[in-house]
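You will see chain A twice below: alongside chain B first, and alongside chain C after that.
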Partner chain A sequence: MSRPAVHARPGLVRSLLRLFTVQGSWNYERMQGVGIGVAEEPLLRDLRAEVGDDGVAYRAAVARGAHFFNAHPYLCGLAVGAAARAEHDGVPPEQVERLRTALCGPLGSLGDRLVWAGWLPLTSALALIGVALGLGLPAVLGFVVVYNIGHVALRWWALRAGWTYGARVAQALREPLLQRATALSGPAMALGVGAALPLVAQYLSGALFGWARLALAGVVAGGFALLWWQRRRLTGLRLGLALLAVAALAGWLWP
Partner chain B sequence: MSIALYRIDDRLIHGQVVVGWGKPLNVAFIVLVDDAVRASAWEQELYRMGVPSEIEVVFASTEEALERLTEWERDPRVGILVAGDIDTLAALTVNRHPVSRVNVGGLHHRPGRSERLRYVYLSDAEASQLRTLAARGVEVTAQDVPTTPPVPLEDFT
Partner chain C sequence: MSLELQVWLLLWGTLVGLDLVSVPQMMIARPLVAGPIAGAILGDVGTGLQLGVLFELFQYDILPMGATRYPEYGPATVAAVSAAHAAAGTLGLGLGAVVGLITGMAGGLSLHALRQLNTRAVRRAAAALEGGDARRLERLHAASIVRDAGRAAVVTALGLVLAQVARAYLAGALPPHGVALLNVAAVGAALAAGTAGTLRLVGRGPGLRWFAAGVAGGAIVAWLR
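Now for the complex of A and B:
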């Protein structure tokens, strides 16, 4: 039932490009569902060629593809590929639905560990170290390039792995390289951020002397205390933005 | 400590369950009650993948869950029980049962359902099913993660 691999590549590339917009139609009703359906459509096109069915199988598969779905945006391609492959392999519709549902959890948690708590803070920390050591703009550009090489490679791997394994996609998630990357990403991130913090602190306080340095230490300690005390409501990003607003206001009032 | 949370969530085991509730409750086991998942090895493998290895995942059919409910309640560790629909969880609350509170954690859009909360879509039949559950003395609230306040049943049915 599997279709010849020669046709797969253009569909996969189109699907990959569409996956970059997967969050664009995010809503509470289907979450990533519509985006997933749009990305899956190029992989389902040759279902239209099924004899004597007038595109019914194709339309039904595209509609199924757009049902409720939510996972990590970089890894959801794995569900796109796997569902499309399962549709081609003649897996019954309710099984395809169950496959999609079952993939939300593991793809979400894997992506969180691998990217949000691994690759992103790790590469950011390396860029901060670069800036603190005086590399300047190249460190920032290096971050943009290196981070996105990993990011796009992960998206491409996910989509291809899904398409290769179909309903047996758990095998792809068991791959030793992926397991090792997931296990390493946490400690590597901790090492990178741990090394970046003192260097960045030194870099940022370099222009301040005497009482200003003490005030900075006070602000940092106060920030940590506030984050701990209000940890249910406050995040580092919110606090950072609030401090920036306060600083901008203070600079405007007392230039 | 027994089962700290009886949850209805059509995504079954995912981040909100494992991290959102699992971390603050210090959960040691998760019971997934679903007849189809109980019968499917590959689905079990996928759900187990989303859970750190130190947390035990138990897959049970509705019938097995009814039999083992008291055993889990007597477990010295803390656990979460998740079912994918109202029927399954309601089936555990017949006769003498230990379920005093039910958490509606996520029921998503499907034809025939309308939006009650951002993460709760119910058909009228499902809404009345929840009210029946409450009438049997079970406290039913909706709450996706512990950091948001629970919504009482009257406010979403």
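Now for the complex of A and C:
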């Protein structure tokens, strides 16, 4: 079977734009699969030009692209690029499927550590510190800009790395910069959020005086203890609703 | 509050709700962003910032992994700011927290319902998807995003109605002590949730030492101010 020449970046930008919607059709059956298929499709269009196959290779690749997939949304591009490159390289279909399946766990775990438990809480904590110190709206806008520089850079890197490495994509995950960023993001997040908490407590309790400040200390300590020991059953939302209900009732009964 | 302002809040809440999962995940769905912008729409950035910070702490209790179910605090914060705006300075935080937490819970339930609807749509299109029909694939995806926009609009509208009701019936019903208690409960729950959520992420390893160093540093800065 003849394969078309692989261009340097066939539809990479279009694919990147579609990756911003990758979770738009998230569902319990294929999870991100449909979104991954949509993002991968521009990279597969060259396959339509295959001589004498009437688009069979293209349609088969599109169908595979939309199968079950679930990983961190910012790193999905790695799977999209790698799978599309593997399709162009003539890798057997079952191997492409195995590649996608094998990437779910590592990309999910890496993204969760790097972004959800690192970059996002770190930048959010810095913005909280800024607001607590009186910077106001610029601190919030700074968060949006700085966070998204990292966000867009990660998405673009992932897609390009996937397309570059193809079936050997595991090599991309061993890049020193990525390893260092993952190792640093946890401690940086812990330090940042730790510093933000006392400042935010001061900022939010500014309007409380006397007994109310003492009561606040008690509520924070008791609430934290409950959330820690009952972590399987109690969430912040439930604790908040319960405390507000008790406070409303007590306030109404208070003479 | 004028109808025009309510429409702007509804539009902002819909964008915020869409950002959480569907598109583009640039974190305008974070309460810290959703709140101040809602405040700016109402000409009350201060209230927006306060409620944004409050709900950002609740957000720290959530790790949005895979198929986990969690409350949606973006549109909830928009509704909370709307509720607190009229009562700023007195009942602001407490009233906003009541409206926001209920709206957040409704948002979480709506996300689960949306995912079930998407699952049904995917099952209906299974034959076309297995046949590699790219147009059908794109239509299915686009329809799901439109469905999410509708969901976000409904959740925001529900929150805004709740805010109106709360302003009308709760704002004048509590004595000053009750107002202070409500504020204490809101701030206390948010700080407890933010601390517990962060410590779950940090774990017992070396990160805990960094967290302790951060708390010490933050406390010193707070004390010096």
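Annotations
Here is the rule we go by: the second predicted complex is superposed on the first by the 224 of 255 C-alpha atoms of A that agree within 3 Å, B and C clash if a C-alpha of one lies under 4 Å from a C-alpha of the other, contacts with A are read in each partner's own complex, and residues count from 1 in each chain.
FYI, contacts are C-beta pairs under 8 Å (C-beta built on N, C-alpha and C of every residue); 3 or more make two chains touch, one makes a residue touch a chain.
From a predicted model like this one, the values you see are computed outputs, not experimental measurements.
Once chain A of one complex is fitted onto chain A of the other, the partner contacts of A:Phe68 are limited to chain B, with no touch recorded for chain C.
By the touch criterion stated above, A:Ala207 is placed in contact with chain C alone, chain B being left untouched. With both structures placed on the common chain, the touch criterion links A:Arg232 to chain B but leaves chain C unconnected.
Legend: residue contacts after superposition of the two complexes on their common chain; A:Gly105 is shown touching chain B, with no touch to chain C.
Using the contact criterion defined above for the overlaid structures, shared-chain residue A:Arg14 touches neither chain B nor chain C, since it reaches no partner. Looking at the shared chain after the overlay, A:Ala127 reaches chain C, while chain B stays out of its contact range.
Between chain B and chain C, the partner in contact with more residues of chain A is C.
Using the contact criterion defined above for the overlaid structures, shared-chain residue A:Glu29 touches chain B and also reaches chain C.
Comparing which residues of chain A touch chain B with which touch chain C, the overlap comprises 28-31, 70, 108, 112. Across the complex, chain B is touched by residues 28-31, 68, 70, 98, 101-106, 108-110, 112, 167-168, 170, 173, 232 of chain A.
Residues of chain A that touch chain C in their complex: 20-21, 23-31, 34-35, 37-38, 41, 58-63, 66, 70, 73-74, 108, 112, 116-117, 120-121, 124, 127-129, 131-133, 136-137, 140, 143-144, 147-148, 151, 186-205, 207-208, 212, 215-216, 218-224, 226-228, 231, 235-237, 239-241, 243-244, 246-248, 250-252, 254. Those residues of chain C lying in contact with chain A across their complex are 21-28, 30, 32-33, 36, 40, 45, 49-50, 52-54, 56-58, 60-67, 71, 89, 93-94, 97-98, 101-102, 104-105, 108, 115-116, 118-119, 121-123, 129-134, 137-138, 140-142, 144-145, 148, 170, 173-175, 177-202, 206-208, 210-219, 221-222, 225.
The touching residues of chain B, counted against chain A in their complex, run 10-15, 17-19, 36-37, 40, 42-43, 45-47, 49-51, 108-110, 115, 118-119, 121, 147.
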